[in-house]
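Chains here go by letter, A, B, C and D, matching the order in which they are written, and residues are numbered from 1 within each.
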Amino acid sequence: MTLTAQARGTIAELKESVARLHSELTRNELVVWTSGNVSARVPGEDLMVIKPSGVSYDDLTPDTMVVTDLHGKLVHGELAPSSDTAAHAYVYRHLPEVGGVVHTHSTYATAWAARGEPIPCVLTMIADEFGGEIPVGPFALIGDDSIGRGIVETLRATRSPAVLMRNHGPFTVGATARDAVKAAVMVEDVARTVHIAHQLGTPVPLSGSDVDRLHARYQNVYGQR
Amino acid sequence: MTLTAQARGTIAELKESVARLHSELTRNELVVWTSGNVSARVPGEDLMVIKPSGVSYDDLTPDTMVVTDLHGKLVHGELAPSSDTAAHAYVYRHLPEVGGVVHTHSTYATAWAARGEPIPCVLTMIADEFGGEIPVGPFALIGDDSIGRGIVETLRATRSPAVLMRNHGPFTVGATARDAVKAAVMVEDVARTVHIAHQLGTPVPLSGSDVDRLHARYQNVYGQR
Amino acid sequence: MTLTAQARGTIAELKESVARLHSELTRNELVVWTSGNVSARVPGEDLMVIKPSGVSYDDLTPDTMVVTDLHGKLVHGELAPSSDTAAHAYVYRHLPEVGGVVHTHSTYATAWAARGEPIPCVLTMIADEFGGEIPVGPFALIGDDSIGRGIVETLRATRSPAVLMRNHGPFTVGATARDAVKAAVMVEDVARTVHIAHQLGTPVPLSGSDVDRLHARYQNVYGQR
Amino acid sequence: MTLTAQARGTIAELKESVARLHSELTRNELVVWTSGNVSARVPGEDLMVIKPSGVSYDDLTPDTMVVTDLHGKLVHGELAPSSDTAAHAYVYRHLPEVGGVVHTHSTYATAWAARGEPIPCVLTMIADEFGGEIPVGPFALIGDDSIGRGIVETLRATRSPAVLMRNHGPFTVGATARDAVKAAVMVEDVARTVHIAHQLGTPVPLSGSDVDRLHARYQNVYGQR
């Protein structure tokens, strides 16, 4: 595959940022050992940058990152790509607005996924970030497009950038890999808080109109313009 | 706005201390990503120093801190102020004894807030620091004075420096920003301990007179004179 | 008070080790802000070395440690001693075999204390370290000998180096300050594990004779001779 | 005992790697104080390298590691071996495919062990790593071969590299010490997630055929070839 100098520069930058973003997974205690991964789409190319399979977070450097096409075929890099590459690739093929994907087995989000229950929208923070309940995707075996298809179909039906794949764990998406990492951090945070709230009773529900107003405001006003 | 040299010096000191106090929020695991903020009143001026909106804690330096008036209007700084600025400003306008305000979505305190339940005063540490149960404030949408008014009305009715805003999270106050941060740390600590105590039964209640005696002693005797 | 050169040397060493042992309280997440303290008896003197009141763990150095007599009266040091000094002093006056005392409000141990329930001996580690259930002491107000008396009377009735003071938190003792710190770490660890075991059912009991055999072996065989 | 130069070199390498692997126990919060240990078989010799008894993780260096024979008798080193040495040795004598053994009292795994309940296989991650439920071994007193025999008999009846010894804690095995440490990390992670999933209901079961397919794929495809 022949790449322009610009594409090569973009890939070099993405390898660095994707490698570094994995440290947010460990810092926020979303992963143990090698159990989670971040990828980024290469804008303008049918390519993605993703973590190599089974490599410790301590050993991730820009050079260890691998480049695949959007069917998960290795294009560049010396290591085998993450075993979740097919799921990431499916998402990029079917959701053109997505520039980053993250997968973890973070504890509380995975606990909701194990029961197959969505996380109810009972916190202003959930309304802000997820725009409603955080949905559950189907149980799917690894090895073909089942996981990717389950992610895409579930995300298309909601405003949430996160889906809890049943008996498996959360996948999150974003315009960039950093946004997808933020969603992975937030889904675990609210999964934990709502779990704990439920342990001693039932949270007060939020009305649909309050959820809508909070979501609209947060998506348009928050942060630096 | 023309400031005296003394006011400029005070602001410079507050920017440094407010920036640094945010590291207590991360160290005590009260926040994830950018989800909490500290502010300080500028003594003798109708001004406050507060965190900029949506900036990572790693990137906070004294120079990134912003100065607003007590209606939340930007006076000094290059970044937009925290989206919670209006609530902080309302508190400073209505509670003149308050010199610092902190807002987080810390897990256990927010779980009590999600159920709309106050934290009962069943530990000597709660009597010491909060002088009774830790109260719940009303549900309020962001965007006007609703949150600030809910905080102030709830705090005025108790001895507690912390209020659990319903479906949202804790706000704490203090004579200084450091005192407000201490209250934010303590409210999460006791929210967690009392939650866990309740999971396997019911804590033994403390009598009102014991709470009063503990609170009076702690407020007058603890620490260095 | 006139001290021998040897006593002065011993005190200098204890100030250093007691200051350093506080870092085990933070490392093991037994304390927040300034909410726990370590002391050591000065062997051969009616003196103890203890943490100053309300000072951050970051700011503790050997020079900030204070020396009091065994009634809690300041003998040496520029800061006021911990507000728990009277309880530590009472323990040293009445339990001559004790060389170190630790007090924390660690989360799980304090949760058992809030309910006034002893931690049952359902783990080999509890049999090893505590020789049976970890007992609850009475509710006692700070300000006189009530807390110290409650600790001593409870400890005398068991083999445990830890007591859960009701609605308050754990106190632990040991032949040295380091041993008391170890007991503080272990009591929180087993309080957490047994709490979690109880959340989904009932632990299998250990027989009294198995507890006795485990305790006897651990006290005589473990570690380096 | 006379060793070849090659054996001496292997032992030197194992002392270094076993010392270093203990830092994974602390990093993953599987142990407190001195409450867990790692060992490695010396390939081609009836020897093992193991942690010394009662030594802090901070103080572990390659030189402090001890070498014993496969009956736990000290062969090389200045310190007494771990009090769990007999259990490790029994495993090496009876399971020739095992090259590493780890023992901890990690919180959630030990909580399942306290109730004597296996961890059900309700997550893809459990199917991948453990091939089914994680079994409970018998209650056994320290001091003879009871613990080792309980580990070996339980492991032989399953595909799991982990066993929860009743009222005690997990033991894990692997082809290398690093593999056994990975299993110790994973058993605590899934013990925690499944515990939390159970707190608010019942996880959806996985079918036996799905577990078999996931396990077969993971054992053959994951990681770098």
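In the analysis below, a residue touches a chain if its C-beta (ideal position, glycine included) is under 8 Å from a C-beta of that chain, and two chains touch if they have at least 3 such contacts.
Here's who's who by UniProt: A, B, C, D = L-ribulose-5-phosphate 4-epimerase.
What you see is a predicted model, and the numbers here were worked out from it, not measured in a lab.
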Smallest number of contact steps required from chain B to reach chain D: 2
Farthest chain (mean CA position) relative to chain A: C
Fraction-based call for chain B against chain A, same above half, different below: different
Chain centre separation in whole Å, for chain C relative to chain B (CA means): 32
Chain A and chain C: spacing of chain centres that average the CA atoms, whole Å: 45
Per-residue multi-chain contacts in chain D, two or more chains: 199
Contact graph of the chains (line, ring, star, complete, other): ring
Chain-to-chain touches, reported pairwise for every pair that qualifies: A-B, A-D, B-C, C-D
Residue numbers on chain C that touch chain D, as the complex places them: 28, 122-125, 182, 185-186, 189, 192-194, 196-197, 199-204, 206, 210, 213-214, 217, 221-225
Of all residues in chain B, those that touch chain A in their complex: 32-33, 35, 52-55, 79-80, 83, 105, 107-108, 110-112, 114-117, 139, 141-143, 166-169, 195, 198-199
